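Following are the structures in question.
Next come two complexes built around chain A: one with chain B, the other with chain C.
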Partner chain A sequence: MSDPILQFEFPKIYSFPPFYTQQPNTTVLNQQLDSWVSIILHYCEYYRITSLSIEGIPKHSQLEVPLSSLSSIFINKTINRQVNSDFQKLIVKHLIHNKKAEFINPKKPELGVYIYWRSLVDWGDLLYQYVDDTGQKGTVLTIYELTKSEETTVPQDLHNLDETFLVKIIKDYLIKQGKAQLLIDENNEIGGVKIV
Partner chain B sequence: MNHSNTTNTDRDAYLQLGKSLNEQHSNQLSTQLQVFQSALINFANDHGDEISSNLEFKNKFTQIVQSIGIDPLDLLLYTSQNDRNGGTSNSNSSSNSSSNYKRSNVVATNFGVALAVKIIEICQQTRDLNGGLISLKELISTLQNSCETEGISLVVSEKDIESSLNNLNTLGKGYEILIINGKKWLKFSSTENLSNDQLKIYELCEFMGGYVTYRLLRDNYGWDKVRCKTVIDEMIMNGFLWVDSQDNGEWQYWEPSWISN
Partner chain C sequence: MTTSWLNIWNPVLINRSNRPILQENEYNIYIRDNVGLYQGRQKIINHQNGRVYLTNKRLIYFDNNDSSRSIAVELKLFKNAELVAGYFRRSPKVTLYIKTENSDTTNIGGNDSGSNTKNIAIDWVCKICSFNNHLAADYKLNENELPKCTSCGIRPSKSYLMQILDSAQNNIPIREDSPASMTPEPESVSPNNDNQCPKCTFINHPALRYCEICGTELKSSNNNNNNNNTKLFKVTQSLSNVSINSNPSNLKLETGEESYTNNQPYIKLSFRKGGESKFYQEVCKVLDDIKWQILEEKGGINKNAVKLVDNSSTVNNNNTASGGGGGGIHALERLGELQRKQNEMILTTSLDDLEQLMFKYQDLIKLSTSFNKLIKQPPSTTSGVVIPALSIKKSSPLYHQELSRHISEFSINFKLTQKTSMISSQDLFAEYNRFLIRNQGFGSELVNCDDFKCAIELFEKLNLPVVVKQYVNSDIYVIRPKVNANIYGEHIVQYLKDQEHEYKLMTLQREIISGDYENINNDLYNAVNYGKTVSEISNKFNWSYNITIEELEKCVEEGSVVIDHHISGTFYYVNKFSFSETEWDDTKEIQEMRELLIKEQQEITISLRNEYDKQNMDNLVNIDPDYSFFGAGNNDKEDDLESTVTTSVSQSQTQSFNDLIGLQF
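What follows is the complex of A and B.
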């Protein structure tokens, strides 16, 4: 698949040079952080990016597009501006504070964050609805066939979902709701999942 | 004794006559104003829709109304009230005419009030971004853009905005029109009046494409470093300027209305 992907259209403030400098005025800074959060969420939703490095580089996208073509969202070569490391951390912290992001591994922040342009609950409901609609409740399914299978009719919203992200959706939401069970094999790895 | 009686009688007669003439004159004026007011009301009735949608027409009508000492919004409120109380001014009209009258009148009144509310909304939304100072051009642009997203084509002029602001100011001091570089800006910040130095910063920002630096201020105005720092720091503190530290070797201070121009 080589669909021509239109470039994401950034809002005008993305071309505003001071946008890349942490503002000293607290009120303006909060406005600035909110704007960064909004841009990151819309950008990730547009390219269906579910995880981002701390430096703003996409880690995984559901689209069939080489991630190398998407550079860091914190760098704007057109106006020769970029967010420095400290401000990057502050923006990510603001994302997490607003519950729009979560560390992939809280003990290893350098691994990056999941981006919740769609909440875990909504992701989980999507997955549950798909399994229910296709009459597969109570059936053991592999993680692979839930996202990457070309044979079954995995809905576009779930297609190509990152496996670790999918496991997180199941663990953090569906299992806690009593709607799913994970099957662990003898190697202590996930062998499958059953939606109940 | 006879002479004294004659003088008093004459004085009383003259007073009575003077009072009578004044009353007569006052009554005539009052009648003329009422006739003219009634004519304006009928005119608003007949052309209400056009007044609402035709800006040039609306402006001229407003001037006529104001020239006889009537607040145009009061006229609209009066006609609305009159309409609500039975519509004596159009009691002879057919029901269709009455319906048209109500719609056009409501449209005109609501237009001014809705515009005032819209202005407040936009000011609140942009306050943290621009520190409480927005150009009328940007205000109108934002208004029209937000309406276009709803499929509404809005026609608003700076005069419409200023008229709405006059009503807002009766609620207390909070919205003020400034003129910078010959262009009108709306200041809705609680900050005190902008100093001349601050106004000069805005002027230079416009000429330089949105930002100033210490060197630009020195070269254009002859300011020393202390004066530059004092004004810029105050404007940063008030949220009027954003800081950019990534130009080669020199800090830039940007004026946020650049974002929408």
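What follows is the complex of A and C.
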């Protein structure tokens, strides 16, 4: 991207110190969790982060931004406040409950979660539209071709998409819809995708 | 010739009321009437109708017919008593046996001469020490051993004893033959021979039977058959009767002669109308007492007393020794018992001492209360509010009600002075008791917990202006005014909002002065400065910590306050999680605050300039004209400021700072 990256502007509630403490009141706690979910989704959408660790550290981004510069979303150094681990887990649980996130590997929760600031259905429709528009239906395409290609025909939204995330989109949505097939090679790895 | 025992009777002194006069230490024991006297078997004539007085010393017969016939006898002369029952016409009698120390002499007197021969005591004189020894009458030389001298212990020779025995046997016929053969010569010699001692040749009195010097038996008692001697004996007999066997009372017997059963002298008392058994018992008792007294005089009882004393002293020594030694189980038990008794003594005495102390204390309290009237009351710090003392007794049923009203009055005037005041029951209890001490002195009675609890529970019943409220979580009872119920949460929220507003105002003020615009958003929300802790809220509302915590928990439950846990503490904030986006946007508020601050700065600037002009006006007399010209330039700038007041905020800021620069102090 040639445009300079601007810093994400957090809402004013992000500077409210009680925001980082789990509130004992149930009603207030629900409001607090909803606010956290909103902030996380906007933050990930802004930086196009598709996966996030449990501690709130970005794991993958479609932008060519050094991820080391982005610290945990749960730490606010300006007001010297941070969320403790119990509350972090509660926030992640709330994200999953609202279907805005999902564990990368359900058997290993510590690996992190996928953040669905755009749902799988939308991602799948986007991919299918691209293949249909370019007239490549029925042909075999590679994963690299779909994500890392230098061709200008790949739309901006699909560029630099995480490979594991792309496979998840194809498996969980397109194959169930009967719109795609995966080709497995001798090494038991995915060799290509055929969009029908 | 036998001895008469009538000499035991003595005359009696009689007073005018016809009663016997008693001797010293003498008292009556028994008195009986219709009593007759007997001497042995014979009646005593004219002594058969009278009274008998038995005292502790004498037996007194008082004749009813003639008081001059009254006689008495010492009881110590008798050895025992005997009761004889009545039989048909014979009246019952009490027999008193007389002590007879000379009974052997009497027997000797009554026996024949042959018996005298048998009973003769043979004397032999020791040739070494010339002591007069006695031999038994039946001593036989051939059978028995030779006797020893009782003085020097040497035995005499057999030949000497044979001579003595032969002379003793031959004396009698020699004396019998000599009077018959030589009639005129024995008559001249015989008196001397009879009185003269055969051993020591001492001439004794004819009445004596034993030698006065050496104790040898005289021969006068053995010569009864001699006529001449008989005459002398009769004279001797009459003389002895006059001197020894006299009858001082001139008593006469019925038959004229005394006769005693079994040859034992006795007297009898005939009780013709009863009373013999009682008299007998008393007589026996008195005789026993007399014997006991005789023993005491001899010293037998004293010996026993000394022995008993010795025994008791030895027993005491044994006890002390065993106690001191502490050996054995019994000694240990004894020590334990002594310790227990000592403990009991100490406890009882201590309890008594405590009781005495309590009485003293009550007296002191009364004194101090009486003195309180004399002491001037110091002027109280609170002016105008005077609560009269609670003058009612605790035993009264109205005590708790009056106490409740008193506490309520105290609370309203001194403690619950603010709108949001509250006080815990413990604090009120302490403050109220301090108030009592301060006002009524140390002698007043303080309120105890039970009475205090009863009193505060009556607040609602008596419709007083204070109410008791309980916080369930911390189990605290709180007293607060009734009017301001359930509005503490609002006060807390308002307080937190005010604090936040003040913080923002100070931040903007600092920003305007320093001219730094970049960090406004970050600094404005550096929250450590405007969150409030429990202690700060407690100080604000004058509550105790527990009350503040309770109220904050209520606010959190209502959702009006939120918590911020931090390493530096727990802070409370107004709840903003429910704020909408427009509510979070406080730009208008900031704009208004900036305008206020700018106006303040302008006012400050104007006031400073006016002061500067005044100084210049005062100094115009001495300053150059150029300086006056500079002052005129300032006036022109002032006009410019007035025209730019209606412009935008940024321009006004620039103008204000330029104006400050232009002052050039």
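Rule of thumb we're sticking to: the second predicted complex is superposed on the first by the 192 of 196 C-alpha atoms of A that agree within 3 Å, B and C clash if a C-alpha of one lies under 4 Å from a C-alpha of the other, contacts with A are read in each partner's own complex, and residues count from 1 in each chain.
Keep in mind that, in the parts below, contacts are C-beta pairs under 8 Å (C-beta built on N, C-alpha and C of every residue); 3 or more make two chains touch, one makes a residue touch a chain.
Just so we're clear, the structure is a prediction, and the values are computed from it rather than from any experiment.
Participant: Answer with clash or fit: chain B and chain C placed together on chain A by superposition.
Facilitator: clash
Participant: A:T147 contacts which: chain B (first), chain C (second), both, neither?
Facilitator: Neither partner.
Participant: Just chain B (first), just chain C (second), both, or neither: which does A:T78 touch?
Facilitator: After superposing on A, A:T78 lies in contact with chain C but is clear of chain B.
Participant: Determine, under the contact definition given at the top, whether A:T50 touches first (chain B), second (chain C), both, or neither.
Facilitator: neither
Participant: Which of the two partners, first being chain B and second being chain C, lies in contact with A:S61: first, second, both, or neither?
Facilitator: After superposing on A, A:S61 lies clear of both chain B and chain C.
Participant: With the two complexes superposed on chain A, say which partner A:Y20 touches: chain B (first), chain C (second), both, or neither.
Facilitator: Both partners.
Participant: Contact-wise, after the overlay, does A:Q88 reach chain B, chain C, both or neither (first, second, both, neither)?
Facilitator: neither
Participant: Taking 21-29, 75-83 or 237-245 from chain B, which overlaps chain C after aligning chain A?
Facilitator: Here chain B runs into chain C along 237-245, and the other listed stretches stay clear.
Participant: Could you list which residues of chain A make contact with chain B in one structure and with chain C in the other?
Facilitator: Comparing the two interfaces on chain A, one with chain B and one with chain C, the shared residues are 12-13, 16-21, 23-25, 27-28, 31, 80-81.
Participant: Using the touch rule from the top, collect the residues of chain C that touch chain A in their complex.
Facilitator: It is residues 521-522, 525-528, 531, 556-559, 562-566, 571, 573, 575-579, 581, 584-586 of chain C that touch chain A.
Participant: Spell out the part of chain A that touches chain B in their complex, as residue ranges.
Facilitator: Residues 12-13, 16-21, 23-25, 27-28, 30-31, 80-82.
Participant: Residue numbers of chain A touching chain C in their complex, please.
Facilitator: 11-13, 15-21, 23-25, 27-28, 31-32, 35, 78-81
Participant: Residue numbers of chain B touching chain A in their complex, please.
Facilitator: Interface residues on chain B, with respect to chain A: 128-129, 131, 211, 236-237, 239, 242-247, 252, 254, 256, 258-260.
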